[in-house]
Amino acid sequence: MQGVELMVFGIGSVAVFLSLLVVVTSLTSRLMTRYFPEAEPLPVMPRAQRPAPVAGAEDAQLTAVIAAAIHRHRAGKH
Amino acid sequence: MQGVELMVFGIGSVAVFLSLLVVVTSLTSRLMTRYFPEAEPLPVMPRAQRPAPVAGAEDAQLTAVIAAAIHRHRAGKH
Amino acid sequence: MQGVELMVFGIGSVAVFLSLLVVVTSLTSRLMTRYFPEAEPLPVMPRAQRPAPVAGAEDAQLTAVIAAAIHRHRAGKH
Amino acid sequence: MDNLLRLWHSTGLAQFEPGQAFMILVGIALLFLAIRKGFEPLLLVPIGFGGIMANIPGAGLAYSAAENAIYGGDPQVLAQMATALGANALESGKALLAALSQAGAAEHLTATRVAEAAGYADGMLHSFYVVAIASGVAPLVIFMGVGAMTDFGPLLANPKTLFLGAAAQFGIFATVLGAVGLTALGVMDFSLADAAAIGIIGGADGPTAIYVSSVLAPDLLGPIAVAAYSYMALVPLIQPPIMRALTTEAERRIVMTQLRVVSRREKIVFPLVLLILVALLLPAAAPLLGMFCFGNLMKECGVVGRLTDTAQNALINITTIFLGLSVGSKLVADKFLDINTLGILALGIVAFAIGTASGVLIAKLMNRFGSTPLNPLIGSAGVSAVPMAARVSNKLGLEADPHNYLLMHAMGPNVAGVVGSAVAAGVMISLVGG
Amino acid sequence: MDNLLRLWHSTGLAQFEPGQAFMILVGIALLFLAIRKGFEPLLLVPIGFGGIMANIPGAGLAYSAAENAIYGGDPQVLAQMATALGANALESGKALLAALSQAGAAEHLTATRVAEAAGYADGMLHSFYVVAIASGVAPLVIFMGVGAMTDFGPLLANPKTLFLGAAAQFGIFATVLGAVGLTALGVMDFSLADAAAIGIIGGADGPTAIYVSSVLAPDLLGPIAVAAYSYMALVPLIQPPIMRALTTEAERRIVMTQLRVVSRREKIVFPLVLLILVALLLPAAAPLLGMFCFGNLMKECGVVGRLTDTAQNALINITTIFLGLSVGSKLVADKFLDINTLGILALGIVAFAIGTASGVLIAKLMNRFGSTPLNPLIGSAGVSAVPMAARVSNKLGLEADPHNYLLMHAMGPNVAGVVGSAVAAGVMISLVGG
Amino acid sequence: MDNLLRLWHSTGLAQFEPGQAFMILVGIALLFLAIRKGFEPLLLVPIGFGGIMANIPGAGLAYSAAENAIYGGDPQVLAQMATALGANALESGKALLAALSQAGAAEHLTATRVAEAAGYADGMLHSFYVVAIASGVAPLVIFMGVGAMTDFGPLLANPKTLFLGAAAQFGIFATVLGAVGLTALGVMDFSLADAAAIGIIGGADGPTAIYVSSVLAPDLLGPIAVAAYSYMALVPLIQPPIMRALTTEAERRIVMTQLRVVSRREKIVFPLVLLILVALLLPAAAPLLGMFCFGNLMKECGVVGRLTDTAQNALINITTIFLGLSVGSKLVADKFLDINTLGILALGIVAFAIGTASGVLIAKLMNRFGSTPLNPLIGSAGVSAVPMAARVSNKLGLEADPHNYLLMHAMGPNVAGVVGSAVAAGVMISLVGG
């Protein structure tokens, strides 16, 4: 296969593929907005997925850091 | 070795192992509470273990973020 | 090569290398402070390098966490 | 025209087989369950997606270079592969694949070199599988991370709950018997090693199941992992009816005495005690329980916070991504779609149910003959599936008495179940794999 | 005295060659551009530093054990290597290196064993290259991370912008033609596979360019990667003149209608739709687009936040470090300093310019014949180079009318350009590599 | 009954050997020191735990597949292994192990295939060792992370402190002489390469010591690493008496002039200057110092914050975990329990003491003949052990004069010591390893 053919088939394939993607995406979007409107809320990742045993420790540490930062902030250093 | 034997020896081994673990754990706990009560505090990981050279930068950034957040928070946007 | 030679050549090489480094470093520092004083500010990494799409979500979450922490902080638990 | 044909033949449409289409639907179903129903999403999203990628026709992502060469079907290459495998040069692709899977190490290497010389390469998912699972490393690293997230406090406060963790492993061994029985009856066709790997589904512990089946039955790894994670996600549906059937209202209302405080030092010493017991009695469980204890010691010792944090986050997350995709590679149609897969799914749920029942029954027994009251509902938590099973115990306790919080009491048997199934895994490997 | 001589011969000064000195300067120049000028520093800092390390004389960091043995020059070892490679024992080092690069897998292995027995080892950067790039894994992992950072919202709100992502890939294929033409004219010497790999520079997408050239033209990987990242950094300089030349003031002022809100579900379904289309039509693009879609699905599904976070941060950062150093290993003087490198740099910028122009021209066409107004400035964003190209579109829009914010509109073609060049990569691999 | 016996024989109790029990105690002792005494816990926790796991009888976690096959003791397999190794089929396990460790690459491969065909596999810790240390990659990645945490400001403000970093390396070379001497006297049995690797303990730099011994003396890696990290932890005990003995009260009170501010640019240029000096003079140090400078440049250049953050955290932590476990694998009884280990421990502390003394003495010399005052206490910081040694200098300074803060002044020689021992490592490898 030589250069010209590669160019023709190449850009052709890209165009065909992305055109199909336009069609399919538009169709999917239309179908979804009509038949599956976003009514039921999706399950959001529960906080529990983060390592539960350390969560307490982290919170405490974060609070301490924040408290210190607020203190410094109020003290007018920044 | 066939199925029945595998079952008998298998569940037997698991039971023996975990029973021993019950015994040893109970013993250890009793020994520790009696002879090594938690008097001396354990060395806690010093903050210095985190990369010291960047700590300052991080703190400053964190403080800035927090200050901004407090500001937004007070501005009543949330 | 035997022990004594290894010691002599070894410590010699280290000394020569580090002495050269002293000379070159001193020279570079002098050249830089004379000819390239720190006038133009260096480009600082733009925030955009962090994944832009999630930045909003992170900010919101951080603000929420901080607001909660402040609340707890004020409530006098710490 | 010739080029258009070539392009067409390289598309998936021209190569699609019904099995692949079906498995892509299975992958989408797993994603749906994970995303919409919240079924163990951390594993089922990568597994489901990996399953879809594995079944893309013509891409060969789940195959080794040698397999891809055989599927490629070039007659010349096939003849060379046949020679390398010591097979008849005229044999079909299917026969060559069989020859390949039974070839010794040396023939396999030669065949791989022939394939590579012909321009074929290992598929992406196959490479992930080799590095993450065939080496055994990914389940072990995940177990280290799980150890670094586990709090043995409730177990140490009440060590007898270890018996519940042992009882719930009965499901594992009963299922082995079932698998052997089905084979004896001619319904399925499982070797003893296969049966052992299938039984571990009843351990309700993903990394343990993957580790054991990577050692004892790599061909069944796909369905075993999918079954293990699916049933773990289904714990809130599978367990309650069994628990209700085996307990009386009065038993479910039993209030347990509050747990004592466990000192930092006891928590530091426990992983070492467990490790030494493993060293003395069950070396075959050393990799799994060793890494688990290592993670736990890092967490409890309090002086390597950097490492604990990484083990709990970056490292376990990276490993989970590649473990999931690697398991997905075993969902490739011509390996997954098999009557045995149905058998594995059926046996797996039986193992779960038996494990749950055994845990509850032994808890009843301990309550009857023990000195302190013990609510039988926490027995079901012994199957592990941390922390879902403990939450189920808690929920049923609250149903019976709105003030009876069992969560902390159920965490004891729950982490005992993790240890128990790792012990069971070691026993299996040492009895069957030796 | 003997020892002093030995020490002296082991220094770099005694072994320096002009090419190495020049390449170290090139490495320093890349670092300067990255640090002072902000040219894609995340990649160019590791590439530049890796390039300097690769050219340290005598260290052989970028060479394999076998290459290091040949450069070592011990006559006995050379003779053994020659035998292993089936070459004449009296041949020069250069001839042996050529024999090594053309040796089959078996001879290569034998030669490597000879080198290792003689005490030579793979250089550090060479090892990184083998693990990160030759295996194909690093660009794929980076693509997964990019997927996990990509928001397809603007594209889904206006799917027609996908046409702009397609149009901008014309630069890729035009450049292939250019490379083939230069070879036909005798100016350069590129095979068709080389030409295809060079063209991908026009895709303005680093990992895609590295992936394709690791498959089709590993020898050209160094200049191709450097060109791709350099020109991506130069987007704000390269694109504006072309955009201004091809559009009228009135066109640049066109205000586009606000984008509709895209629902969470559409965003979840899109990566699956794209993956299935790839499965049906273009299996050769499955690794790249599969990992990209996987990253995006993890982000959008919202139930695997831990994994998304790791894919966006720790994992992509680790991979970027080793990918950069590995690319740097290809900047070793005797592989990089070649007339072909100049050709690659020249063709790369032509590819960029043609891609930009095609995007703008097709956007003009779509504006003329479409029902909704479309500002041609967003066409140039179709080359990808996310998010730089979209910012350029926005900037030129604001120049023409201070109230015309095009950023969100340009993000559609911009991410379409990423998909488009991955599709083009798949087409290339399936047409040329098969 | 038969099964019970089989179970019993598979337990650790039936296979325990005294050496293993002793090494498990050593592992526990290391954990105790790390956790209770705070001895370099980031490394000693993984090393200690790895040491315990390595000595679990029957688990073979620290052995290769071939070693496990020999320890397995099946007569048929032993005979096959003997054939593969070209040894007498009737030889004992011990003789076969010796034959294995001296086998060429080809025989080793054949023996490994025999072992794998008989169902033996590499132990988990052995696999970690191969990937992390034998490849050389883990110490280099850690060195990159250390570079990304190092601030060369104090050194650049007072470059003469580099002489102190050079002086403290005298301990390394004096110890080499000691090791050679002990061998000449017949007390120990170290080759020149062994002696060089042992000397590096005096460099007080863990990754450098591991890197050098993985290149020059892999068999001694266990004791060398344990000695290096233990003595680094003991710096506050080892150094003060030497420092007090060699300095007068007046000298300890010397107040040093405040350090000038070092500009950002000087800090960016320094790693490049160092790298180029390495390129010109000492290519053998290029991997270690190259990665170190790369990490430092990433930190100082300020434009790749993502990568710096990962190099300082996730990446170095992951690597530390596996490096520690891998070092632990070298604590397996039959390799560690050797008279040479005692020699290594003794020589290591001598190296430390000589390095400390040399640093202090050269500092005294520089104070005497230099123009600016220099407190000799900062000389001991030249052994590296960052930042412990600098803190010791500071502490002794404050003891002599409560207002004399030496910390920042001591950081100069301290980081110079890191560079110095990496240079010494390069010299060793180029003189001995060539």
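Per-chain residue numbering starts at 1, and chain names A, B, C, D, E and F are given in the order in which the chains are listed.
To be clear about the criterion, a contact is a pair of C-beta atoms (placed from the backbone, for glycine too) under 8 Å apart; a residue touches a chain by one contact, two chains touch by 3 or more.
Only a predicted model underlies this, so the values are computations on that prediction, with no experimental measurement involved.
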Classification of the chain E:chain F interface as same or different, half of numbers criterion: different
Per Cα centroids, the chain farthest from chain B: E
Far-end chain from chain C, centres as C-alpha averages: D
Distance from the mean Cα position of chain E to that of chain D, given in whole angstrom: 38
Centroid spacing, where centroids are CA-atom means, of chain B and chain C in whole angstrom: 31
Distance between the centres, which are taken as Cα means, of chain E and chain B, whole angstrom: 43
Residues of chain C whose C-beta touches two or more other chains: 1, 9, 13, 42-43, 45, 49, 66, 70
Chain F: positions in contact with at least two other chains: 3, 7, 35, 38, 41-42, 281-282, 302-304, 306, 313-314, 431
Residue ranges of chain D touching chain F (in the complex, touch as defined): 104-106, 135-137, 140, 144, 268, 272, 275-276, 278-284, 286-287, 290-291, 293-294, 297-298, 301-304, 306-307, 309-311, 314-315, 430-431, 433-434
Of all residues in chain F, those that touch chain D in their complex: 3, 6-7, 10-13, 15-16, 24, 28, 31, 34-35, 38, 41-42, 45-46, 49, 52-53, 55-59, 61, 113, 116-117, 119, 121, 124, 127, 313-314, 317-318, 320-321, 325
Complex interface listing, chain D residues touching chain B: 156, 159-160, 162-163, 165-166, 169-170, 172-174, 176-177, 179-181, 192, 195-196, 262-266, 269-270, 273-274, 277, 281-282, 302-306, 416, 419-420, 423-424, 427-428, 431-432
In the complex with chain F, residue positions of chain C that touch it: 1-4, 6-7, 9-11, 13-15, 17-22, 24-26, 28-29, 32-33, 36-38, 42-45, 49-50
